[in-house]
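Chain lettering (A, B, C and D) follows the sequence in which the chains are written, and residue indices restart at 1 in each chain.
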Amino acid sequence: MSNTRPALKLTHAAALKLLAAAAAKATEMGQPQVIVIVDEGCNTLALLRMDGSRILSVDTATAKAMTAAATGHPTGGLPVEAETRLAIGSHGKMTNLKGGLPIIVDGHLVGGIGVGSGTGEQDLMVATAALAAL
Amino acid sequence: MSNTRPALKLTHAAALKLLAAAAAKATEMGQPQVIVIVDEGCNTLALLRMDGSRILSVDTATAKAMTAAATGHPTGGLPVEAETRLAIGSHGKMTNLKGGLPIIVDGHLVGGIGVGSGTGEQDLMVATAALAAL
Amino acid sequence: MSNTRPALKLTHAAALKLLAAAAAKATEMGQPQVIVIVDEGCNTLALLRMDGSRILSVDTATAKAMTAAATGHPTGGLPVEAETRLAIGSHGKMTNLKGGLPIIVDGHLVGGIGVGSGTGEQDLMVATAALAAL
Amino acid sequence: MSNTRPALKLTHAAALKLLAAAAAKATEMGQPQVIVIVDEGCNTLALLRMDGSRILSVDTATAKAMTAAATGHPTGGLPVEAETRLAIGSHGKMTNLKGGLPIIVDGHLVGGIGVGSGTGEQDLMVATAALAAL
């Protein structure tokens, strides 16, 4: 039996494409955003804090990206009765805030994108637009 | 395209004026307070912990100042359904406690003031009195 | 036997006097500074970050103030062979950087002042000038 | 007396230009890098972790960027006798590792860039190439 298994890793070039597409959408919407891309290990690959975005959204956008990368699902769907436990138990890394999406390529979960500074709906629109660029 | 954008920074002299005015109001009210001033990047500019104030209010007053500086709005107005998510996801920096006000000069958001140790209403009165000194 | 012992606590009014005197000296010297006052429990009483000072000096000035308050001596005199152990073992709170002085009133150790952003000698001059104001 | 002072802020567009130029240089050199851009308040504006770079360099590249932004000088020039004190006293934010450069536009210090994963000389070459893109 092999000691290893093949995997796919998101490239940094793809991460830059995600940042650029997210920033373009945010600019078009007139809502500056913080955008964070993490890999499948929840480690940050790329980050952009746009002019006029909220600095504290660096934390929440990172949590959104991590949650989406860890679960493979859009953020916002944790069971409400468990979300505070999960949030505290993960030291804030698991969040039920909207605006995080898993990055799935050819059926493989390779990371997550988190967007924050707008409403949850705005954040989600920007994350969705970013993924369309891949 | 320019690589920079013009901005205004709150001076430390103004921060000291805010501390002094806040402390005077708190003394007049008979409620000692912790007062924190942060700049637009949520970095602390000035802090005063008054005799008889609550030491743990250093944390909450800082969160209030940061939240007001990051959002540009008085604290206490986050959507109730999101406030716990935002608080945990920001590692305690975003708060819905009353007593934080943005510092806005000539239409520019240049920081935030956070006050804590009294009731939310008392904290807000002290923060309001401080801003009147600018 | 009594369960308590009398103590002296530095007032916040005195802490503000220290900030003002330190800032005046720093301005006179043309070297903006970060100034931190802690009480005898090493808890911050007052802080000022002057325009043009180094933001990372908030950490080091706090360490200087804490070290002086904890030891009762000016910073810089820890045994060289132990200083790195003490620094790491205290999570950075004990420092051998110059610029911290104990605040001693009527023979009682009531806190510490830490100054940072200049050279060690400049920092010490500002701390010394501040104490002269008490 | 005015309560504010004029300042310049690095734009996120400029931060993206810095990332792109740094990545291009790193690719040309065959040495993948982590690149971090911070603003004048030492808050991260943009980050890129290139394929094949060292993940722990996220921490050191951030420290390099912060040190350059806080001091206004290239990293590596702290007095050797003080560097360990400064590093520990700043909780690792001040570093004497090479590869950090201040970002100065029209004579104003607006942030710092930190590069890490190669040798100090390689890191510095990449940071230098990035700044040339502004």
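Here is the rule we use: contacts are C-beta pairs under 8 Å (C-beta built on N, C-alpha and C of every residue); 3 or more make two chains touch, one makes a residue touch a chain.
Computed from a predicted model, the values in this text were never measured in an experiment.
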*Could you work out which chain's C-alpha centre is the most distant one from the centre of chain A?*
C
_Interface numbering overlap (same over half, different under half) for chain A and chain B_ = different
*Once you find the CA centre of chain A and the CA centre of chain C, what distance in Å lies between them?*
42
*Could you please state the distance in Å, as a whole number, between where the Cα atoms of chain C are centred and where those of chain D are centred?*
29
*List the centre-to-centre spacing of chain B and chain C in whole Å, with centres computed as mean CA coordinates.*
24
*Give the residues of chain D that touch two or more other chains, as numbers and ranges in rising order.*
5, 9, 11, 41-43
*Looking only at which chains touch which, which shape fits best: line, ring, star, complete or other?*
other
*Could you run through all the chain pairs that touch each other?*
A-B, A-D, B-C, B-D, C-D
*Which residues of chain B touch chain C in the complex?*
9, 11-12, 15-16, 19-20, 23, 43-51, 55, 58
_chain D partner contacts - residues on chain C that touch it in the complex_ = 51, 54-57, 59-60, 63-64, 83-84, 87-88, 91-92, 95-97, 120
*State the interface residues of chain B toward chain A in the complex, per the touch definition above.*
5, 41-42, 66-67, 69-71, 82, 84-86, 88-91, 93-94
_Under the stated contact criterion, what part of chain D meets chain B in this complex?_
1-11, 13-14, 17, 39, 41-43, 105-106, 108, 110, 134
